[in-house]
Amino acid sequence: MNFVSDNTYGAAPEILEALARVNSGAAISYGGDDVTARLTEKASELFERDVAVFPVVTGTAANALALATLVPPHGAILCHADAHIVVDECGAPEFFTHGAKLVALEGAHGKLDAKSVVLALERFQLGLVHHPQPAAISITQASECGTCYRPDEIAGLAAIARERGLKLHMDGARFANAVAHLGCSPAEASWRAGVDVLSLGATKNGALCADALVFFNPGDTRDFEYRRKKSGHLVSKMRFLSAQLLRYLDDELWLRSARQANASATRLSRALESIAGVEIAHPVEANAVFARVPNELARRLRASGAQFFDWAPAGEGHTLIRLVCSFATPDDDITRLADVAAG
Amino acid sequence: MNFVSDNTYGAAPEILEALARVNSGAAISYGGDDVTARLTEKASELFERDVAVFPVVTGTAANALALATLVPPHGAILCHADAHIVVDECGAPEFFTHGAKLVALEGAHGKLDAKSVVLALERFQLGLVHHPQPAAISITQASECGTCYRPDEIAGLAAIARERGLKLHMDGARFANAVAHLGCSPAEASWRAGVDVLSLGATKNGALCADALVFFNPGDTRDFEYRRKKSGHLVSKMRFLSAQLLRYLDDELWLRSARQANASATRLSRALESIAGVEIAHPVEANAVFARVPNELARRLRASGAQFFDWAPAGEGHTLIRLVCSFATPDDDITRLADVAAG
Amino acid sequence: MNFVSDNTYGAAPEILEALARVNSGAAISYGGDDVTARLTEKASELFERDVAVFPVVTGTAANALALATLVPPHGAILCHADAHIVVDECGAPEFFTHGAKLVALEGAHGKLDAKSVVLALERFQLGLVHHPQPAAISITQASECGTCYRPDEIAGLAAIARERGLKLHMDGARFANAVAHLGCSPAEASWRAGVDVLSLGATKNGALCADALVFFNPGDTRDFEYRRKKSGHLVSKMRFLSAQLLRYLDDELWLRSARQANASATRLSRALESIAGVEIAHPVEANAVFARVPNELARRLRASGAQFFDWAPAGEGHTLIRLVCSFATPDDDITRLADVAAG
Amino acid sequence: MNFVSDNTYGAAPEILEALARVNSGAAISYGGDDVTARLTEKASELFERDVAVFPVVTGTAANALALATLVPPHGAILCHADAHIVVDECGAPEFFTHGAKLVALEGAHGKLDAKSVVLALERFQLGLVHHPQPAAISITQASECGTCYRPDEIAGLAAIARERGLKLHMDGARFANAVAHLGCSPAEASWRAGVDVLSLGATKNGALCADALVFFNPGDTRDFEYRRKKSGHLVSKMRFLSAQLLRYLDDELWLRSARQANASATRLSRALESIAGVEIAHPVEANAVFARVPNELARRLRASGAQFFDWAPAGEGHTLIRLVCSFATPDDDITRLADVAAG
């Protein structure tokens, strides 16, 4: 019963199979191959516009490279205080941007709200060399609390960004889960709402090690390719990354896998919220459940073999726990956890 | 007839199959899994001592991370002027080390020689804050010219390093080809000769995207794990990297593949050297052939479908071309190239 | 009537004269000179222990170099959200530390409190490579709000730091003003209370361009001298920086100048607080006055020739203004401003 | 008898006096003051075109900031192997540029020659992400060997640069000595010959701690001001740096001081070259003499109280020594050294 993260599960069989299919013969290395060209076509079709797609092996690399491409060393990046780029990347954005500043803002349920962004921006004096200069807003979709930004919420942040010459980055490590929840098109959840560059996750949702950066404005890719190489992220046998992503996007595998994970989380959430003393902390809109539970219950779940994160202490005798479902989480595990929880 | 590089070929079928074998169920992410533990055991057995092994996805990442771990920002790294870290990594070592200096030295057939290293070291005044402080020597095995350092040559450089408190790094992107040529043990070609840290290549020799850093002194890994994460190189589903490396090292697959590639290069070299006007520029000790050929011959080869690198102009009407063989280069391609060359 | 900052005023005549006194003949460059040696002696005497003193030309350089010396690239630095290192250095700490993370905390009157530091530290999991690792606490003395940490408050933060292996840095751009207010010894306000390294300001209090880093633990200077050189902050004719600092510390010039500035601020504060509609926002413990004033009053002051900073909007029709006094602010300017304000 | 460097001597009295003249009253800090405005006017007049001038406190800062402003992190900078930026700045250019690569080329008498620059450039494949991309040529005027580039030599390098979209940087730590030697105008020695940005030294020639960056193309300053602040090089009481530079450039003080230093070096050189066994290694065109002397002579000179650098071993029983004269080197010291040398 592993609910620690969606990355504890392996790869989708379809994606593994795709590797074998691209393995024969020689191909141009470093991305000049046919599979990578087809990935760009596929992504452009999916997003309903020409996009530039660059496969990378981790979400941290995708985020840090995106920000370094958009933000100068003296820039500032506004984001949620719980954002992966703030909390979980060991300072990768600061390293890749050569010292830009992350401005961490609070916001309910893991989401930035327009008001606090505007307030924060007012603290920076534009053109004053003493102040880092706001250069980007970064949001996480689905958020670190398992909630999703609606297209109109994204558009609101994008408008703030555009007015001030900032770029809008979306950390879409769980973009699939968000699109599955929102029921909108990938375009509506990204560039149509004003996103400039998307870290498109695939690893957490069935790839082996493949995420992608999707640039919606060709002009933004400027020195990206040098940065990718200089940071050791240009893979020689690129076809093996591209093949993962191509299969992921093909035939709606990405959406089906995300729907499965989301449905598991919803089931889990419903089972837990019916239990006395348990409180669901954030709306369950993707594949994670945050529940405030009595410590005794947490202990009991663990004793039964369940694995999950203690997210934060949550008042007298309670803990906020995080349970994440993946495309491959067995239904039986959810049933079992629910049974144990129900006592 | 692709002789552009060994990374234009795909993966060894055995390695692809190994991915499927580790795919079931959940596993601890970020390297806490069983496959990664077995990789460490396997590598320790192979190198005849306890080693710390860290899978990464590119040789550039392996090299830059190794150097950043061993060398302070004010350090200097002595290496050959043709070294991959100097010529082909877009400044990754400078980025990862936060500005250390690569000192590029000439040397016959792509190899550093002890004398020029000692001479170069004399130009640095130790403890003088104006001078970058020599902190490491880096050598490439097999070298960029397709030659190999003998263990006693490595030991000579290691002695210079040790006397002055420098570390010895080996860029072993083609370590397998070198060991296959030398006929010594992996230990003899590395730590027994004084190597402190090895970038152990697998991608060029049959993996999909997996190289490894092998630290021979536990004390040297200090802050490595933070650097790997901070540079976006900590892969979440690590089992898929470790499985590639484990299968690579298992059952001598790495050596057999390298022997095959080396044998192909030797065959190719013999075919070429018998042709009038062709001169083999460097001893063929691994899987690359550097040949000085009349431009007319180069044109004819290309017209027949052969692909290879023009390495450098080589005097009136001649070019130095590089032909690289991989474990998967078809024997027929070599026969055909030889036939075309023979005219 | 310039109350914009204490750095708008020039140098103390005594310090200018000191430059001429060290100007004759040749001297060892880069800090090997006698004046620099005497500065170290003087500082050691003043702080009642052997200290290592390194002159630099700006407070930003002092802070960034101190933090880079103490904190690894994967480190985190806890500080107040209003700290100069967060707000006014354009990301210098992130640049010098190669990407460490500043964790900005709220706290009344510009001061960090122990409780919020402990809470913030609890959010970092020690040894987890995903999280930047807390490595230092940085406090500003006097604070950006013109308040001072008492030695026991410093000791409280130092205890938290020491328990967890963190270093305590003090940005003492206005250390003199704080010591003048506290009435304690320099030692009591620094290392006796647990400070590891002090950015000792002199420029704002009468030097031309000279601050100093004071390391209280010799072991902490490790690679500092390389970092100073590598960042372009090793001045060749060091005697001219050292002479400023030596004269500054000599004969209590630093304290007398600071007392004068503090007294001016106190006078100004008393004059303002008696005016209807004006509210002094922070205790005036150094040389700055933060006053919430009606916008009409701010306009009137400016119309009369007064210059000062609008710090922040402060509710309907009011602004929080900052007025800073220096050692050289004319008494008449304060009288005049008070008169204008009194209307 | 101090011939160690021109920075072992103090400041010109005229420059010290200039400090006192700008000391009264308040002034806008960080460069908004009148003195700095007059410096820009003065420099524009001197260089016969509008220039942007930014005072900094060290030549290393000037060089590193200039290069960081012109060169991206993935850029390469071609320069002489003896250049200060290669040998004596502890990797500052690599730090400030975030990892650009210095390509160190040999060249007679410390000067880059056009041919070797063109050859070196041919090794880089433009647009190939694996290769750092040539972005600037940097030359030192006067060179580290005490020789000077003639305007036509500069123009030759500038033409190579311009053709390929590279910038031309001049490290003019001893620009005054070069102009004094060349007898041309400052414009002819800089932008008219194709220099884009000049590190204009003053410290070695009579300032206390003031060099300046002079940008000849307004468009090149882009993010310079942020970089200056972010690296801690924006001095608050800027008038004290500007006053040094203004006085330096005023009334030809810079040229007269340089002529004096050059004349001293010439005298010294003549005295030495007449001595048996002594060989002047490089044309004496500025204020430094490089002499190959018997070790016995070097010992005798030192025994008499002379101080100078042993530059390099120079064959059996000989050393290449460097003797530098400053504007303030006493004539008597030269007479005495000549006498001791003559035996």
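In order of appearance the chains are A, B, C and D, and numbering begins at 1 in each one.
Following the convention adopted for this analysis, a residue touches a chain if its C-beta (ideal position, glycine included) is under 8 Å from a C-beta of that chain, and two chains touch if they have at least 3 such contacts.
Model, not experiment: these values are computed from the prediction.
Student: How many steps does it take, at the fewest, to get from chain A to chain D if each step moves to a chain that touches the one before?
Tutor: Minimal hop count between chain A and chain D: 1.
Student: Taking shared residue numbers divided by all residue numbers at the interface, is the value for chain A and chain B over half (same) or under half (different)?
Tutor: same
Student: Of all chains present, which has the mean Cα position farthest from that of chain C?
Tutor: The most distant chain relative to chain C turns out to be B.
Student: Using mean CA coordinates as chain centres, what's the chain A-chain B distance in Å?
Tutor: Centres of chain A and chain B (C-alpha means) sit 34 Å apart.
Student: Could you put a whole-Å number on the gap between the CA centroids of chain A and chain C?
Tutor: 40
Student: Multi-chain contacts in chain A: which residues touch at least two other chains?
Tutor: Residues 73-74, 89-92, 95, 98-99, 129-130, 226, 229-230, 234.
Student: Residues of chain C touching chain A in their complex?
Tutor: Residue list for chain C touching chain A: 73-74, 76, 86-92, 94-95, 98-102, 104, 123, 129-132.
Student: Inside the complex, what are the residues of chain B that reach chain A?
Tutor: 2, 4-5, 7-11, 13, 16, 19-20, 22-29, 56-58, 60-62, 64-65, 89-92, 95-96, 203-204, 208-209, 226, 229-237, 239-241
Student: Give every residue of chain D touching chain A within the complex, in rising order.
Tutor: Counting only chain D, the residues touching chain A are 30, 72-74, 98-99, 129-130, 133, 223, 225-230, 234.
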